[in-house]
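All chains are identified by letter, namely A, B, C, D and E, in their written order; residue positions are counted from 1 within each chain.
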Amino acid sequence: MTAPMVSARQVGKTFGTLEVLKGIDLTVEQGEVFCLIGPSGSGKSTFLRCINHLEKVDSGTLRVDGDLIGYRQEGHKLYELHERDIAVQRAQIGMVFQRFNLFSHMTALQNVCEAPVSVQRRPAAEVREEAVSLLQRVGLGNRINAYPHQLSGGQQQRVAIARALAMKPKLMLFDEPTSALDPELVGEVLDVMRQLAQAGMTMVVVTHEMRFAEEVADKVAFMDGGRVVECSAPSVLFRDPRQERTREFLARIL
Amino acid sequence: MTAPMVSARQVGKTFGTLEVLKGIDLTVEQGEVFCLIGPSGSGKSTFLRCINHLEKVDSGTLRVDGDLIGYRQEGHKLYELHERDIAVQRAQIGMVFQRFNLFSHMTALQNVCEAPVSVQRRPAAEVREEAVSLLQRVGLGNRINAYPHQLSGGQQQRVAIARALAMKPKLMLFDEPTSALDPELVGEVLDVMRQLAQAGMTMVVVTHEMRFAEEVADKVAFMDGGRVVECSAPSVLFRDPRQERTREFLARIL
Amino acid sequence: DEAITAKVTTDPALTALLPAKIRDAGVIKAATDAQHAPCDFLEEDNKTFTGWEEDYRQALGKKLGVKIEPVSIAFDGLIPGVQSGRYDMAMQCISDSVEREKIVDFVDVSLSTNGIYLLAGSGVTADPKTLCGKKSGNQSGTTYGQTISNILSPYCVEQGLKPIEKMEFNSQDATILALLSGRVDFLVNDASSAKYIREASKKPLEIVIPDILPRWINGIVVQKGNDELANALLAGAKAILADGTYDEIMKKWDLQPIILREPGINLKTKAAE
Amino acid sequence: MVIPAQRMTDRIGMALMCIVGLGIVAELIRNPNFEWGVVFSYLFEPAVLWGMGLTLWLTIASMAIGLVLGVIFAVMRMSARTWLRVPALLYLWLFRGTPLLVQLIFWYNLAFLYPDLRIGLPFGGATLYEGSVNDLITPYSAALLGLALNEGAYMAEIVRSGIMSVDHGQQDAGRALGMTRRKVLLRVVLPQALRIIIPPTGNQTIGMLKTTSLVSVIALYDLLYAVQTIASRTFQTIPMLIVASLWYLVLTSILSVIQSRIEAHFNAKSSGAH
Amino acid sequence: MVIPAQRMTDRIGMALMCIVGLGIVAELIRNPNFEWGVVFSYLFEPAVLWGMGLTLWLTIASMAIGLVLGVIFAVMRMSARTWLRVPALLYLWLFRGTPLLVQLIFWYNLAFLYPDLRIGLPFGGATLYEGSVNDLITPYSAALLGLALNEGAYMAEIVRSGIMSVDHGQQDAGRALGMTRRKVLLRVVLPQALRIIIPPTGNQTIGMLKTTSLVSVIALYDLLYAVQTIASRTFQTIPMLIVASLWYLVLTSILSVIQSRIEAHFNAKSSGAH
């Protein structure tokens, strides 16, 4: 029996006095595409950041591929991991941010090559070749030497996706990856994501693209006020939601 | 006969060697809601920035409410306006950016109050009252004292809209105003925009929300490669586009 | 000065007085701030030390059978340099005082007196009353300031006149510049600088020495308690005084009035006792 | 139960820090060469306190003027207009390029170069003021002139780096709201640039405390000069330098506290705070 | 035909700039008190050139070391670990808080406080080195030690302000890619911080050219000391200071050109460039 790719148990997170996550329970199986939807401020981004320990979980446990994220368990004690061990965990988890966060002093190509070369220590020539083909896949074959500020918002986000994919992660986290893309290009990117899903990539996607969620996701979770209100197959959640709150939310956006 | 609110004649713009706008001809009538759609990099943002002279037009003329923007005409000569005269023109044109651009050292309320007080020199108390009600209208009545970094992306963009509205502009420019908003909140904001339209506000909106364009816009222009490919009523453009390129674009996103 | 030093003969009995470490090295490390003509300054090449004290050191060294090697260092570094043992002695027309003798030992070898320098035709005379109410200038970190505030100014007040307005400058040339630009009416400096200051000034200068000005004793500074070295230096000083070398040097520099005929160690404290 | 990482490293680090710290303190107290008795006997000497007063006064005044000059010249240097940019560049070049000592001597002895000053209408018009430059330029005004003009040149670069750090979208937003460049600068850019400007300005201020000692060349008696005067009389150079250092440390500490207060204030507002 | 705004203002400004500029140049040439003849006769004096060599060498060496120290202490000061932060704060406090003059005298005369140095194994182990501190600390090493440690404290604040200016999202992105904090710092944050760090570092370097003159207190002869020595012999203070100023201006100009080259390089890459 393989462990689930992501398994969250009673995950809680507080910023100062603001309780942002109030006990999240979620399981993402291997190879699953898991979509997170919910209103603004419901904690979707925060939960995603907890998955690769960019935010420290305050209570509960979070496992990726069976390993506790950020901690080592011995008996009942949790020992926080050393930074370089956390880095090793993160290297296996790709992340695409809401706000691109491209390295602004590097070209598109350098952005994509940076981590495979400096973190995974793979040969530069090989990485470069792969990076070029990744950039072509996201439609930027002709802008590989442009700096981020020379690219439009849409172009920047596509570079960010290529950058995350270059690490060949076993799990990909997307925080509204298409929210800055043109509708015309959203399709292309969603295609890439679909291919990834078919190749067995596990993905957690925060998105407002309900059509994508309905079509590609294996499971959809609706979050509100730091809680998972409802989590089920998209066919169920979108057509026949159990909770009143979900119904309200969907009524307003569909 | 009233002059059109925006009238662009052969507007051209070049960045270095890159010709971004290749002669734009457009007319936006008073009280019209005018939507700009098109693929990434087609020059939509650039054209919008030309309307309030944030980018200097390289060739052609651009008039808002009958006045040349950024220039004064005498005979065949165009005299560039003094900066403070351009500022006066801009004060009458509201703008909402793709990337919020909230003043990061001010609270939401201060962001909204800043320009009416310091540019229009209106009494602070009166402005404050209006600002609070504007923030309530965009659903942020309870976050008026938060700084931008304490707000989620969606919340920030709503403050930005309130900030532009506070100037009581005669023309509003929106550059993908809802691209960072949650689907749930998009509706609320579009409602605000609808109300504005009914109150006679002229709006130029770059958007990927085709449903909004179809429903609210009086006219839709499709841009590609720095040119207006097609411009007509939404019913015509979306259902029965004349141009092959438009058809292709719409096919992919609808 | 080669011509003078050549005539000095080394006295092995004096060499024996030196501390073993110095005898072995054959060198006495000396610190000075070579920005003070005519005591210590550099020749045109800006490398070779010159000044009456340099000639004195060469003669003294020859007499003692060692080389006295000077190093130029800003004034703030002189005393810590001697205290830390980096330098065996410091010499830069340093005047002796009871207070200073508590920290270091002095081998006193010369005198000094102050002079009033003024522009020709300024109406100041050797009568100290003519100085009252005027602006004075002096180099900071020297005893000239005390001459003004402890002797001249109180004298003026005693006489029922206005005290002197004192200003200090951090180098001799800045002080002279202040006089030339009319910023001060007169300046107090070492009387021995007369020849040099006169030559260097672009305007004619006069020097007056009122009677009420005191005479100071100048000496070589060594580390406190380094009696062996102090005694050896004193013996050497007596020897070059006895054989006439000292007089010859001072004649060359036109400074005979400041020769100290009875050199000694810590003369100020001894005088106080 | 959650055990933080690197607890061991942290403990060893803390222990090491305490041991080394105590060692240094013990050494400072024990070593007789520091002569604490002498240090304390001169610490509150009126001449020293007066010197410190002058140091503090000159620092505050010249930093205030320097900051204003810095903003003006930073904006001029970044201007698209040649006739604003070139003078700013020349100013920066000249005042950063020559030693402050020289500038102070120059201002103070302006009378040597120009004995008389005549302010009048141009082209042989009426004389408005005529007099000796020495009367006009007192040691204080010369010191302030020299320090502030010099500081202004350094501050201009610091302000420029702060302005560069503000996202350009902020200016777009301000201008779109109808603000003039000037208003955008004052209301939007500078307040945000301040965060970046503060640390190097703190540096400059703390540096200025020490730089003011150069004014001894024009007959003003600052803190360092006061202790040097005492040291040159008593030859207790090291204890007297310790006296000055202690006071400088006190002033630096006060300035650092003020700086971190201001920084905390700005960080509370700004998105850069993490 | 398009006519740019403020053409009139621009023209008047340009004219004014030229007139004032020419006036100053004419005045400099005409006024006999500058004694250009004397200036030029001493300009290439070997002692002056030697002094300049030392000035330049000390500036480059101490800025290089200072920058490295600055990065290290900036990171320590921003660390969450008390035992890293506190020593960094103390270092900053002590080295910014005391005059460089005092630090130089302290290092140079360390032998006064500790005449002998003994490096040995702890707890009474074997002696590895034993000797006089004076032999170990030459004027050069004392100067470099003093200047670099002092500069490091100032650079730490500058580097910190640069690091603060980098958007925090950049660190998130780096860490999400599996980079350690160290790698994020070196590969992502510092390269972007450089843009903001360069102008104040240029300031410090240009300031350091002048600061090196303090080494005359430990028997090293820099540019300023060289001209002062000549002036003390010839009493031609102003011409000699002009000699020094001209060389400082030359060095400053070279540094400024290097600085603007580096800035242009970074601006070409960075989004902050507008």
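In this section, a contact is a pair of C-beta atoms (placed from the backbone, for glycine too) under 8 Å apart; a residue touches a chain by one contact, two chains touch by 3 or more.
Owing to the predicted nature of the structure, the values given are computational and were not obtained by experimental measurement.
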Subject >> Graph separation of chain C and chain D (steps between touching chains) >> reply: 1
Original post:
Under the touch criterion given at the top, what is the topological distance in steps from chain A to chain B?
Top reply: 1
Original post:
Max contacts between which two chains?
Top reply: D-E
Subject >> Longest centre-to-centre distance from chain B, chain (CA-based) >> reply: C
**OP:** Please indicate which chain is farthest from chain A, where distance is taken between mean Cα coordinates of the chains.
**Re:** C
Subject >> Euclidean distance of C-alpha centroids - chain B vs chain D, Å >> reply: 46
Original post:
Cα centroid separation between chain B and chain E, in whole Å?
Top reply: 48
Original post:
In angstrom, rounded to a whole number, how far apart do the mean CA points of chain D and chain E lie?
Top reply: 15
Subject >> Shared-contact residues (touching 2 or more other chains) in chain E >> reply: 101, 105, 109, 112, 167, 237-238, 271
Original post:
Out of chain C, which residues touch more than one other chain, so two or more?
Top reply: 76, 80, 83, 171, 174, 177
Original post:
Got the chain B residues that touch at least 2 other chains?
Top reply: 83, 99
Original post:
Inside the complex, what are the residues of chain D that reach chain B?
Top reply: 167, 169-170, 172-181, 183, 187-188, 191-192, 266, 268-271, 273
Original post:
Which residues, counting only chain A, touch chain E once they are in their complex?
Top reply: 49, 52, 54, 83-84, 87-88, 90-95, 97, 99, 101-106, 114-115, 118-120, 147-149, 160, 163-164, 167
Original post:
So in the complex, which bits of chain D are touching chain E?
Top reply: 10, 13-14, 16-17, 21, 31, 33-34, 81-84, 86-87, 90, 92-94, 96-102, 105-106, 109, 112-114, 154, 157-158, 160-162, 164-165, 167-168, 195-200, 202-203, 206-207, 210, 213, 224, 237-238, 241-242, 244-245, 248-249, 251-253, 256, 271-272, 274
Subject >> Complex contact set, residues of chain A against chain B >> reply: 38-41, 45, 98-99, 152-155, 179-187, 208, 210, 249, 252-253
Original post:
Which residues of chain C touch chain E in their complex?
Top reply: 31, 34-37, 41-42, 44-47, 71-74, 76-77, 80-81, 83-86, 171-174, 176-177, 197, 200-201
